[in-house]
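Quick heads-up: structures coming right below.
Here subunit A shows up in two complexes: once beside subunit B, once beside subunit C.
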Partner chain A sequence: MEKKYGVYICKGCGIEKAIDIEKLSKNAAKGAKVPEEIVKNHAVLCSPEGLELIKSDIKEGTNTIVIAACSPRVKYEEFDFPGTITERVNIRELVAWSQQPNTEEAQMTAADYLRIGIIKVQKGTLPEPNVLEDLSKTILVVGGGISGLSASLEAANAGYQVVLVEKEAELGGWAAKLYKEVPRQYPYEKLDDPIIFSKIKEVESNLNIKVFKSAVVEKTEGQPGLLDVTIRNNGTSETIRVGSVIMASGWKPYDAAKLGYLGYGKPNVITSVQMEEMAKKGKIIRPSDGKEAKKVAFIQCAGSRDQNHLPYCSSFCCATSLKQAKYVREKNSDAIAMIFYKDIRTPGQSEIFYKNMQNDPGVLLTKADVTGISDAGNSSLFVEAENALLGEKIKVEADLVVLAIGVVPSTRAPQEYLDGLTEAQKKGDVAKNAYLETTPKPEFILNLDYRQGPEIPSLEGAYGFADSNFICFQYETRRTGIYAAGCVRQPMNISEAQLDAAGTAMKAIQCVEHVAKGIAVHPRAWDITFPDPLLIKCTACKRCTEECPFGAIDEDEKGIPFYKINRCRRCGTCMGACPERIVSFKDYSVDMIGSMLKSVEVPDEGLRIIALACENDAYPALDSAAINRKQLHPSVRFIPVRCLGSTNLVWVADAFSRGIDGLILLGCKYGENYQCHFVKGSELANYRFSKVQETLDKLQLESERCQLIQIAISDYDKLPDMINDFVNRIEEIGPNPFKGL
Partner chain B sequence: MTEQIIKPDLNFINDVISSGGESLKKCFQCATCSVVCNVTPDDKPFPRKEMLHAQWGLKDKLLSNPDIWLCHQCSDCTAYCPRGAKPGEVLGAIRKLSLQHYSSPKFLAKMAGDIKYFLLLFAAPVLIFLTYLGITGKLDFANVPKDPVKGIVFSKLIPTTFFIDPVFIAAAAFAVIVFARGIIRYWNDMSRNAGTKGGNIIGAAISAITEILAHRRFNKCEVTKGRSISHILVFYSFVGLAITTTWALIYLYGPIAMKFLGMEPFKWLLGESPYPLTDPMKILGNASAAALALGILLVIFNRIKNSAKAGIGSYYDWLFIGIVFFVMATGILSEVFRLMDIAGLAYPTYIAHLSFVLFLFAYAPFSKMAHMVYRATAMIFAKQAGRE
Partner chain C sequence: MAENKKVLIIGGGMSGLTAAIEAAEAGNNAVIVEKTPFLGGRVAQLNKYFPKLCPPNCGLEINFKRMKNNADVTFYTLAEVEKISGEEGNYDVTIKVKPRYVNDKCVGCNACSEACPVEMPNEFNFGLDKTKAAYIAHNQAFPFTYVIDDRHCKGASCAKCVDACKYDAIKLDMKPETVNLNVGAIVLATGWDLYDTSRLDILGAGKIQNVVTNMQMERIASPNGPTAGKILRPSDGKEVKNIAFVQCAGSRDENHLPYCSFICCMASLKQATYLREQYPDSKAQIFYIDIRTPGRYEQFYWKVKDDPNVTLTKGKVAKITEDPSTKDVTVEAEDIIAGKKIKAKFDMVVLAAGMVPSTKNSKISDDISYTPDGFVVPSSLKKGIYAVGTLKSPVDVAKSVQDATGVAIKSIQSARRSK
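Up next is the complex of A and B:
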């Protein structure tokens, strides 16, 4: 494609009042070596007239467009010109709204940004999507409980083929074991019959859904769109190609055997799961003598919100106990149900059910720390509690005690096993073999063929749930194309699980559709570019394969990497990792960013600092600061990067050799509560830059000139000061000694 | 720290609910009530703990609890309760159950608290007077002689000395005995529960009575501010009427007693009623009646005005208010009809008046009338136990 350039400067939203547009136009043409006549301006570029100006040029053949106006984070629909290379230069937020208007600094900043933008399109090429062949749009659902069945129906009703794998002989999971359900409809008074059986019927009669019962996933190979799943069923194995996976493998109740201190083991102490079975059979009785239970005590948070057991809240146990209290009351109006809670937590509409149940004279509630269960003689029990509102130390007689037991995700056992294996591996082969021999292997769920392990990886603070910590994208796991629904993701009730399943089905559909068009799925769900390494120069160092957070890169027997491109999230971590700088995207490459930062004009007097800003959190934070009219230091030029993981060390040399005085990396928080959209980009950048600082020291360049700042989007108000502090430190250190060389 | 054994009682929970505490179970123990209450002590404040105890049916902790009477049902708690649990109403219900618990015979206690038995209870005093009239043939009012000077004289319908006084003395004696038994049991229970040796009872009694006379606690109410005025009017009108009654007894029996002692009766001892309107005793009586009328109408008006915030109250409350109202209304009308000399209206109204007054006296220990005795007792107990 022969490039025909067009540069458009908007004067609206206060830009004209802060910047001399004529001067900027001339400067752009000069600095970036484009003919002056292609630089145009308009009072309101996003207006129909302004857009027409651009569109008429496109008709005339203009195909490479630079728009100097507002932030690329706004007006993206207006400034969308398919078939062109379009770059947005942010002179509204980063100049007009955050610099002293009509100063030489503001003018220079705008000129720098415009030049950077022109260089970028000069270096870029028009991307074309990479669509793989033989793609499948079938969706695999693992788990046939309420989440899995709902997800299957959602996907099937949207017209997709679904393969549903259930390990039990019957569909339904826990939801099929319930006697009744918490009321689903206003006024939330009457218990509902389980909804699951109608779902099972619907699934079994749906022609789009193929059901495998008593089946497990033996292996999951490949990449989204091309996932080959081996299903073992009745001793035979079958491989099916699917496009994406919904993991709805559910939960297990916490092991009540560990709750001896709450009396588990005594005949009249049962779990909430056993209570459902009992209610289903008929009467609420004391197992010890079969007599009707008249005083039933419910112990909430039995092993939950307890550092020694499950540290988290399982969200639905309070509503479950209230429901079971209703079993007690409905089956015998003389019986009482006593609920001992830490806090009653009934999220959503179950709060109304709680209020209704509280109104029942025979449902007695008290906040209390239950310390134990003791014998009261005659097989009766005493619930012993402290810090109750009823008294500092109390004893209440009960003839049946129900422990409201928490949720353990099905992913926890495999995660713990695999983490243990990793630990053993670190100690050597002997320890590893000993571990394999002595540790029983739990049921695996997906058996992924991934270099990073066969299951969804564990996450500190996620307690074994299939969580990604992608706080804004709840169904995402850290494996592209695999989405978690229901209690495997977080504890939730039946209604929530159905909503969750619908959300997950949408994500799974989005995945297969994007893959079919060669578009990234998450979080860059518009991106058709992809990493395209120049493999002739590859030294087989394996850094890219090791660092890719999504296992998208494997190496062949010679150690040469190859991409499973549909696993790729286009963060550019491989591009940042590669010491040979051979990984490029059509609109993002080491050379491109290097050229952009080299194009920043370095003044003879005063400092010039470059900030590489992660475009997921840091860059929006800059925009927010500007929207709030916070001043950004005029010495700093902000260049967005896909992820700090994509920052290549050569950019440091590029910047400092040009005489730049300091380099800031603005990235996401990392560690346990990371907020990186690509899991560990900023962490990797930090690691790489700790190495570069040694080099800087050798060059007699103070290592403090290069710093990484972790910032969350909500820190926008603190960001200008963080930047000012950095600039002040550079001022103390003095100018870059290489300046002017 | 002693371990308490909690014994929930579902029947008691249902009793509280059916006695006017139907909102009881709504309470979710946020303690807003105890925070907004101006009359509770700071230590172990009410009504939060009473709400919880009632929700769990802990009868023993409630019935013998002095705190239920320290509450003056300002209804600040009810107005501010975020869940509509109306602690003020619930405490009212608990007080009713406590009164019933301490008064005997039990069947009367039960009947006084249940609308089903109202007619039966009311029939007793009515029948007493009608029976007398039937026997003496005075049901036909034409047989009741009029005084040539004074006109209608009620003692000619029913003689004061030979019928009314014995009946009322018996009723009063019954009430006093029932009250005494109840109060002794209540005091003993409170002492046992509090585990205190007991302080200065005389000092506490003086302090409590001054507080009652000044209505100091009532004045701390916010939502139902006007209640202290209406209660003062009703309270002091009862005091006035008590003085009037005593005075009348002196007028009636003074001359007889003096003659019996061989003395010449004083001139101002007027003897048989009715007395002239200008007599100081009559002035006090009429003024008290007017105050009672104003007071009880204000009570009713305030109740209705505050019902959205404070609740409308239970049958138990309204029975008491209603009886006082009719005592007042029939009393005033009897006098008016008598002065207007309309025998056909005056006599039935008077019979009704006697019946209402007897109702009030005889059932006092079982009705809300008993609050004056129990509240005073609880206040004295609390003061001597140092619970302010």
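Up next is the complex of A and C:
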């Protein structure tokens, strides 16, 4: 595309009052080397008349457009010109609303921003999507319990082919072992028959679903749309191509053998899982003598909510014990059920079921911490507890004790194994080999061919649960195209698992549709650009492959990187990592941002500071500060970046060699509870900065001139002062000694 | 695009936004109908999420960006569905759109609001402060277009805003409009309201100035709230150093809401951290029946419990009274573990008020069954109509998002079935 430029300056919203538009137009033409006649202005550019000015130029062939007006976050529909390269230059929020009007500074700020914008479109080209061939839209579901079955049906009923892999000989998982389910609907009085068997039938009769039983996933290679999955089934392996994966591998009950203090091991102490089996068989009996149990004690939080066992709540055990209390009562009206709990947790409408059960005089609920189970003779037991109401210690006789056993995600064992391996690796090869030799390898679930590890990783402090890090985005995954459903993700009951399964099915089909169009998946779910390295200059340093948070880059035997582009989330971390500066997007590159910041005019007197701002959080925070008419320091120029992870160190050199006095990176919180949607963009930027600081010191440039500030979108009220503090420190240090050289 | 690939989403809160965007990103066409002038719902009113303590506006910003970049999501604000007829794949929907009195020419400059002489209670801040009749809810509102509240605006006789607007954006004679749509599926995502705590006589809500609701507390702690995020009490603007939280304010009570509202335990624990972070010498006491922090939320509970300045007391609050001279609040409760009565004075009391489904007070359609508490009975919904999130049972944002994402695929299935 041969570029024909148009530059349009809006005078509205106080812009005209803050700056001299004529001067800005002339300056733009001069500084950015565009002909003066293409720089136009309008009183209200977003008005129909203003837009007409642009549209008529587009008709005449203008295809590369710079609009100096408000923030790109507003008026996005008005200033949308498909087929063009359009850049929005924010001189309303970042100048007119946040600078002293009619000052030399405001004028210079606007001129810098406009020049930056023009250079950006000069350096950019119109993107085209990268669509790979032979893509599959089949969805792989691993696990045939309630979550896996539901996910399979949801995807199949939306028109997608599904491959379902179940480890056991039969479908159904834990849900098939239940006698009854907790009531699903108001008035929550009657226990429901298990829903799982109708789901199994539906799956087995659905022509879109291919079921593998007694099968495991040996290997998952490739990228979304092109995932080659090797399934081992009855001693033979076959490889199937799928588009995306739902991991619904479920949970295991906590190892009751570790709960000796709750009497496990004694014949009349069973787990809630065993209770279901018993109820399904018929009577509730004492295993020791087969007599009907008359006094059944339920011990809540058996393993759960316990620092020494499971430091989380397993969510459904309270309702399960209430349900099992109903088994006891319905099967033998003479029998009583006693539930010992820390807190009864029946959130939402399940509270009504709890109320109903409380109304049964044969169900006794006692708040207490159970300290032990002792023998009461004749195979009966005493439940011993403290901290009951009024602080009492109690001792109650029971002839059957049921431990409401906690949930352990199937990902826990692989996670622990991998964590151990990481630790061993840190100690060197000897330790690593010793670990590999001595540690039994647990069952892996997906066996992904993935640099960052073969499974969906657990978050820090998530005890193996393959959960999302984001409340707003429950299916934001660290393995592109691979989504976790059900209890492997969070402890949840059957109804919740069904909803969760539908959610993952949605993301799985969305992923294959996006890949088919060459569009990124969440969060940049509109982006058709992609990183395109100039490999001829690659030195095989492997930094991009190591730093890519999504395993999108591998290297060949010579160490030259190649992209599994459908794993890529378009954050630009590879672009930031590359010391040769060869990774570029069509609309975003090292050269582009470098040229933009080099175009900032450095005044003879006074400071000039560049701030690179994360476009999702820091940049909107700047806008919001401006909307509140907070002053932003006039020495600072803000340049949005996709993610701080895309910050290339050469920009530091670019800036300082030009005489820029300071550089701030504004990005998301990192570490535990990180907020970066590209996992560790700001953390990586900070790491790279720490390296560059040594170089700065060598150049006798104070390393304090570079700083990363972690901010959230809600920090807009504090942000101007944070920036002022930084500027003040630079003022104390003094101007960049390279200035004017 | 075939009309049956269109899905209507009633409600533009987190659930509605999620359902719409997820469906659209898989190639369907989503239309959101939102009753208020802005999208984002309750989430936009929150200061931080539990348990991460991250700002909800971050996720909203991403969702709005996804919408801006996706022509398959459109929305109507100030709009309500009046009538639904038809069947899966072919629902006719009548939407009433109330006038905003401000058109798309609005640039968000605030001149109308400055000129407006009328002050009214700020609903976004639950009446904790005032706003002008020409206003925008907050500085990250979406759409970033002002609105004029015709319940308070003096109309053409005043018209100061019209004169102040340089962009010809204000039209005080705007009329309601009716929009008819044909859609394949409908998602009900109208969310929840806070229980009317003034019905809880003994807890003093609405009578005692320094007794606020949990949602008011979110606004008080929010940087875009009435006190710019400083936790100050309503009566005199004094810093709150000693706070009490009363759990189950309405919830788990046969005389009020028989169900548990799910979010309130985590919300109060979270709000205790707001105070503790802002004032290192502050104290918080939480009165509860059971602490309900399911799943990994338990870890958050432990963290807050470990703070020596946070006290958790199992027991129901019997009475809340006000000291008329100091406006301090006295809470009388029973500590049922220690087996004693407590009477303690606080600067401010937060009622962890319960969640009421919006369908309790405004039914969406007559042929849907509701529980006596107003929740939708999912099995009563016609094919192609789906209820999401808090309309079915109280849930938090995470669970709403899960449900809403799942509902998106249901709407796609509806489209496919009716091909």
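The definition used in the following text is that the second predicted complex is superposed on the first by the 631 of 741 C-alpha atoms of A that agree within 3 Å, B and C clash if a C-alpha of one lies under 4 Å from a C-alpha of the other, contacts with A are read in each partner's own complex, and residues count from 1 in each chain.
In this section, a contact is a pair of C-beta atoms (placed from the backbone, for glycine too) under 8 Å apart; a residue touches a chain by one contact, two chains touch by 3 or more.
None of these values were measured; they are calculated from a predicted model.
Q: Quick check for you: in the superposed arrangement, does A:Thr366 touch first (subunit B), second (subunit C), both or neither?
A: first
Q: Figure out whether A:Glu104 sits in contact with subunit B (first) or subunit C (second), or with both, or with neither.
A: After superposing on A, A:Glu104 lies clear of both subunit B and subunit C.
Q: Which partner does A:Lys355 reach: the first (subunit B), the second (subunit C), both, or neither?
A: In the superposed model, A:Lys355 contacts both subunit B and subunit C.
Q: Would you sort A:Arg305 into first (subunit B), second (subunit C), both or neither based on which partner it touches?
A: A:Arg305: touches subunit C, not subunit B.
Q: Does subunit B (first) or subunit C (second) touch A:Lys393, or do both, or does neither?
A: The first partner, subunit B, only.
Q: Quick check for you: in the superposed arrangement, does A:Asp334 touch first (subunit B), second (subunit C), both or neither?
A: first
Q: Under the stated touch criterion, which partner chain does A:Glu546 make contact with: subunit B (first), subunit C (second), both, or neither?
A: After superposing on A, A:Glu546 lies clear of both subunit B and subunit C.
Q: After superposing on the shared chain, does subunit C or subunit B touch more subunit A residues?
A: Touched residues of subunit A are more numerous for C.
Q: Which subunit A residues come up in both lists, the one for subunit B and the one for subunit C?
A: Touching subunit B and subunit C on subunit A: residues 344, 355, 367, 389-391.
Q: Could you pull out which subunit A residues touch subunit B in their complex?
A: 295, 334, 336, 338, 344, 355, 358-367, 384, 389-397
Q: For subunit B, which residues count as touching subunit A in their complex?
A: 1-8, 10, 13-14, 17, 24-26, 28-29, 49, 52-53, 55-58, 83
Q: In their complex, what parts of subunit C are in touch with subunit A?
A: 14, 22, 25-27, 43, 47-49, 52-63, 65-66, 68-70, 104-105, 107-109, 139-140, 144, 166-168, 222-224, 228-229, 251-252, 254, 258-262, 290-299, 302, 314, 336-339, 371, 373, 375, 377-379, 393-395, 397-399, 401-410, 412-413, 416
Q: Please give the residue numbers of subunit A that touch subunit C in the complex, ascending.
A: Counting only subunit A, the residues touching subunit C are 12-14, 44, 46-47, 70, 73-78, 154-155, 157-159, 185-187, 304-305, 311-315, 343-352, 355, 367, 387, 389-391, 461-463, 465, 467, 469-475, 490-492, 496, 499-503, 505-507, 509-510, 513-514, 522-523, 525-526, 616-617, 620, 624, 627-628, 669, 673, 675, 677, 712-717.
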